[in-house]
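Two complexes come next, and they have one chain in common, subunit A, joined by subunit B in the first and subunit C in the second.
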Partner chain A sequence: MRFLKRLSHMLLVLVGVSILMFTLVRVIPGDPVAAALGDGVSREEIARIRQQMGLDRSIPVQYVHYIGGILNGHFGMSLTEPKDVGEIIAERLPATLELVTVAMLVAIAFGVPFGVISAVNRNGATDHVSRMVSLFGVSFPQFWVALMLQLWLGAWLLLVPITGRSGLPPAEPITGFLLLDSLLKLDLAAFGDALRHILVPALVLAVGPLANVTRLVRASMIDELGKPYIALNRAVGMPSFLINYKYALRNASLSALTVVGFLFPLMLGSAFVVEKVFVWPGIARFGADAIIANDFNAVVGVALVVCVFVVVINFLVDELYGWIDPRIRLSAEP
Partner chain B sequence: MTAPSDSAFDLEVATPAYESGLSRGLARFRRNKLAVVGAVMLLLTVFIALLAPWIAPYPEDIADAVHFDRMLQPPSWGFLMGTDEAGRDILTRLMYGARLSLLTAFVVLGISVVIGVPIGLVAGYYGGRVETILMRITDTFSSMPALVLALAIAVVMGADLIHSMIAIGLVWWRGFARIAHGQTLSLKQEGYVVMARTLGASDFHVMFREILPNMTSPLLVTISLDAGFAILIGTAISFLGAGASPPTAEWGLMIASGRHYLPDAWWPSLFPGLAIFVVVLSFNLLGDGLRDFFGDD
Partner chain C sequence: MSSKDVTSAVGGLLIQSRRGFILGGAAATLLAGQSGAVLAAPEAAPALRFGVELEIASLDPIRSTNNWETMLAANVYDTLVYPDPEKKVLPWIAESWQLSEEGKTYTFKLKSGVPFHDGALVTSDDIAFSMQRMLALGGPIAGYFHNIDANKIVAPDAQTISFTLKKDDPAFLQTLFMFKIVNKALILKNKMEGPHGEFGDYGARFLQANSAGSGPFSVTEYRSSELAELTRFDRYPFTSWGPKNPGKVRIMIFPELVTIATKLRSGELDIGSVSIPTQVQRQIAQDSRFVVERHPQPTPWFVVMNNSKPPLDDVHVRRAVAHAYDRRTVIDHILGGGEELRGPVPAQILSGCEGVDVYEFNMDKAKAELAKSKYSAAELGKFQLEIAAVASSERFKNVALLLATNLKKLGINVQVKAVRWTDITAAQTKPETAFNFVVYYESPRVPHPSQILTYYSKSGWGGAYPPGGMYYDNPKVTELIRRGNGISDPAEAQRYFCEAVRLIVEDCPAVFSHIDVRQFPHGRYVTGFRAFAGATPFDLRLNTYEIDTSDTAYRPSR
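Let's look at the complex of A and B:
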């Protein structure tokens, strides 16, 4: 029952998102075709393309038509590339997902230990340093960090490639995730190449989120360490590393799971600037380029896919959370 | 202590409690030295922004001046932060750019508060179907990455600095709606609100005169913390080309144009980024301090 309720809520949000994006790009800007083609195109030509794209029909009809198309994988033609936007997104999606996944792993792998150490040594030197670092982390403009690291590690120290996703000729994809594909093929050279390409973009994408993870884990650890069972364990003489890492961290890490839910929108948003700087062939750079080119189908398509991902991941994380922690599941039961 | 207390409303009792609350808050704020650092840096930024025409070394460089004789010069005594691709002094442009960043924070938060707070208030106050509809709309906005949605809106409005500010505001209100909603739900139970309603005060009066003034502290904390994020998103939009257009001395745009001269000329892209960092950090430090000050947990 709870599942169905939450599922319907999610679907409602998705419909809201689609209406919003549709309204935004179809209703407000006037004539996207004229804007995209520029001056010097005859009125008949514009009318013909409008008809071809279905822009001459009423707005609700266009919307229903659009949703129907999307459910069949048709997002409409891109104005910058002679292909369906859905096709382009499908080609480029693995690159973005791979980047975001690696960034997420970096953020969690460093953020969780930082948060724990910070909480255990609350108000100690380590805590202050880690709080400062996380405060700095959320204050940097990411596109600038991207440029500076690209300049420093790529152009000056020549440690990593400056742009792109791979320096090798494209291989037949299995999953589309280069790291995974190269491992499946046991091609270590390709794996190393992909790793060298993804390292810096993923690191940049992880900077802000890492700070968020540290803050969140610190807060939930402090909360957990203040609970009576911890005091009892201390009173009976349990060693503190056991208390900290076996009990408190285990309970606190449940709340760290929600991190994945809120990091996802954050990272997909920043992916727009990070992919742009590193010329990463993902959907975010396609979206960023489309925005400059007034390619409205592409903008709606990318924004819609990004939002659908965010909404669905949040839904799954919430479900998983309730599934792992019975306290949540049972208390939410009506 | 001197006035004889012959009134039923004895202020002698109430005042010290208030004062000690305030002084305790101030003490907390002062103890949080970082917050003071943030406040000072922010004041400094405001001064630089206001006084830019008088203190900037080359005021004529804010627009499309071109100096062929001094293009892309590295930092020196004459040009502390070097010159850009048109030979313009970067320090001068940074000083003027401070105005635009502060303006971004101001416009974005102004729009967000004006849209978000009433939505949250009305939803929390009336409950029922009104609440469901308003909060579902808020959820929809919250489900989208702010930068993506703001970019899309900015592009639709036509790439322009003020459009990008409005676009971010049209996205950012959701956080304020949520805070106002949560606050209203709890404040609505308070005795003075129930009293006002019992005495027949209008809904408008109860919402905006009784409930709203009592949620100013969480709103202020959020405004301070969000100001930094608004600037980050604003500069990112200009960096991507959907905000300010040349020759505006906007920090994100300066980085975007300086980028083309990397890796040899690093100064046109390094310094504007540092400027963004300093201002955003100040807002974050101040926000943290305010949160402590108001005793928020």
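Let's look at the complex of A and C:
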């Protein structure tokens, strides 16, 4: 019952976003059809294409047709790439998901321990270093960090490739995630190549979230470590590692989980800077270009996909709350 | 108009290409019966690595819009005729043509034995199909061919094709530079379901990501937004391949221009995009490993003015604006190169026009013109004008800023607006919404004056393009353009066009800035660049390029 209620809320959000985005891109000024066709094209040709795309109908009628198309798996034709938007999204989404997932893992894998270590060594040297690194992460613009790492690691030290997702000929995809596909095929060379390509872009994308996670975990841990049960655990001789990571961190992780919950879809949409600089063939870059070109089917399509991830991940985060803190689950049950 | 045999006697150029053609044609005939594509390049032939910033969204030649899509189409496909800066039009796939008495029917005789990449030979059937396909599917290129009567495309035999126009058009032959010949059999073999009867989707899905041409290269790998790899076609009859000619061309897409410059410097690219910022190109040029190739292009830059809205409805105000435009600073400092533009049509397209004024940068002359205008200084000061520059371009914005700063000194308030291209083109369609000024440049696809001059009469009003918002009208100019368009003799037509240009410059409906100098940064070991070849982008036909891999500056791919 609770699940169905949550599902209905998710659907309502999706419908609301679709109506908002659909209407917005159609009412803002600009004729993307004329711009896409270029100069020298007659008004009749522009009118013909507009009619072909259904743009001569009223917005509510267009919306109904659009939703009908989505239910049949068609997201409408892109103006910049003469293909169905759904097809383009399907091609590019795995690249962005892989990039964001790896970035998120880096952010959590380093951010959580940094936060714990900082909190445990509060006001010590480690804490100061960790806080400076966090400040760096939230202060420096992503594009600057990307270009600097590209120059330093790729062009000067020649350690990693500076663009693209793979240096090998394209293989038949299984999941579309190159790291996973190469492992499934037991192709270590392909895995190594994919890892070398994703390392720096993921690092750049992870810098901001890593800083946020570190600061949040540090603050929550400091809070937890000041509570009486921690003092009791220390008094009875429990090892520090157990106190910090099994008991304190578990209680401190709820706020970090909230941040992770909204960071993932945020990174999905904001990865376009990284995708542009590193020529990563993902959906974020496609979405950013679509906004500039007013390619409305593409804009709505990308917005809907990001929205789906937002609602799904929020749902998962809510469920995880209950798992981490049983009090939340028990209080929610009728 | 009498029927004329317009077969061109080209001399040396045709003999050389004919020798190559005869050898290639014989080989093609011998090999024509073999199945499968013969695309292998010699193993030693180097790969040319080209970095570009704009995406190649489709390989279909009828969908090419940006520079790199048109460059790719020019390398993969052939045309009936070929551009030449002196002779204007040369035979290519067509060896000769005739124009009917009434001047509307062009009949082309085709060369025999010209192979497609898969070995099949080019025939009139392919040409008829290519034209019908383009007209049926529409798109940016088809817009130039609406004058063709689609019901009167006739192929009486395998080597003859005729097109009948709805009305005569002296620029038709030049327009054919954009018409690419596709392989009918290959496309129909790969057609999908569609609304065009027996032709299905006309191979739209197939050509989106594959090629079906006869040009010097064929597409062997394509990943949209990343890479298009071309492999040379050894049996191409119009070129003699040497060991230094590229065996492959890798056109790699990097949305960040700085990344292209980085990759060029690190030896991962051989040629960088023309759009790399001027300061970066200057730095690259200081490195002895690189050269910046500079060639004037018939790409005129303008600041278009909305002649229908006050105060630009006054010719003296417009002339004042022209005198306030600092052309030299724009060319030397903002854009890093260019040559003065005399009137709306570049000299490479319309040469020999005498008595055409140029409005030199002179603030005193600007003030003198303002004094003659019907608006007082106080009235001029009340106008809040806008100058639109394309949002994604730093250079456009800087040009707009320079002009706005100088106009401010004259008491004319202008605000610079960075606007999306789609918003500019939409705004220009109505006189009340068209911007007061728009900075833009023209890349004429058809090297004929009519393509540019069409906007200097009412027929160009309201076009979804910056000059569509000029709303300029001078009946004398309109009549001169009409007369020039009705004459097929280029020398005779030139007289009318030149007189129209002279009057246009007098009326000053736009600021005529300069023509671009295309600047390509590349490794010094790459040669074969050509200056303007008669039409863009035929100077970017890569079969003439050579790579000296023995040069120490060359670094093979890692």
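By our rule, the second predicted complex is superposed on the first by the 302 of 334 C-alpha atoms of A that agree within 3 Å, B and C clash if a C-alpha of one lies under 4 Å from a C-alpha of the other, contacts with A are read in each partner's own complex, and residues count from 1 in each chain.
Going forward, a residue touches a chain if its C-beta (ideal position, glycine included) is under 8 Å from a C-beta of that chain, and two chains touch if they have at least 3 such contacts.
Since we're looking at a predicted model, the values are computed, not measured.
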Fit-or-clash call for subunit B and subunit C when the two complexes are aligned on subunit A: clash
Quick check for you: in the superposed arrangement, does A:R48 touch first (subunit B), second (subunit C), both or neither? second
For A:G115, is the partner it touches subunit B (first), subunit C (second), both, or none of the two (neither)? neither
State whether A:G269 touches subunit B only (first), subunit C only (second), both chains, or neither. first
First, second, both or neither for A:P141, with subunit B first and subunit C second: first
Looking at the overlay, does A:P281 come into contact with subunit B only (first), subunit C only (second), both, or neither? second
Once the structures are superposed on A, label A:L151 by its partner contacts, choosing first (subunit B), second (subunit C), both or neither. both
Figure out whether A:I292 sits in contact with subunit B (first) or subunit C (second), or with both, or with neither. both
On the A-aligned overlay, A:G86 touches which partner chain: subunit B = first, subunit C = second, or both, or neither? neither
Going by the contact rule set out at the top, does A:G16 touch subunit B (first), subunit C (second), both, or neither? first
Which residues would you name on subunit A as touching subunit B in one complex and subunit C in the other? 29, 147, 150-151, 155, 276-277, 292, 294
Per the touch rule above, subunit A residues touching subunit B in the complex are 9, 12-13, 16-17, 20-21, 24-25, 28-29, 135-136, 138-145, 147-148, 150-151, 155-156, 265-266, 268-270, 272-273, 276-277, 287-288, 291-292, 294, 299, 302-303, 306-307, 310-311, 314
In the complex of these two chains, what residues of subunit A are touching subunit C? 29-32, 34-46, 48-49, 80-83, 92, 147, 150-151, 154-155, 158, 162-165, 169-170, 276-277, 279, 281, 285-286, 289, 292-294
Quick check on the complex: what are the subunit B residues that touch subunit A? 136-137, 139-141, 143-149, 151-153, 155-157, 228, 232, 235-236, 239-242, 252, 255, 259, 262-263, 266, 269-270, 272-273, 276-277, 280-281, 284-285, 288
Residue positions on subunit C within touch of subunit A in the complex are 55, 57-58, 60, 63, 65, 138-140, 142-144, 146, 204, 208, 221, 223-226, 252-256, 258-259, 262-263, 265-266, 391-392, 420-423, 425-427, 429, 445, 451, 462-465, 558
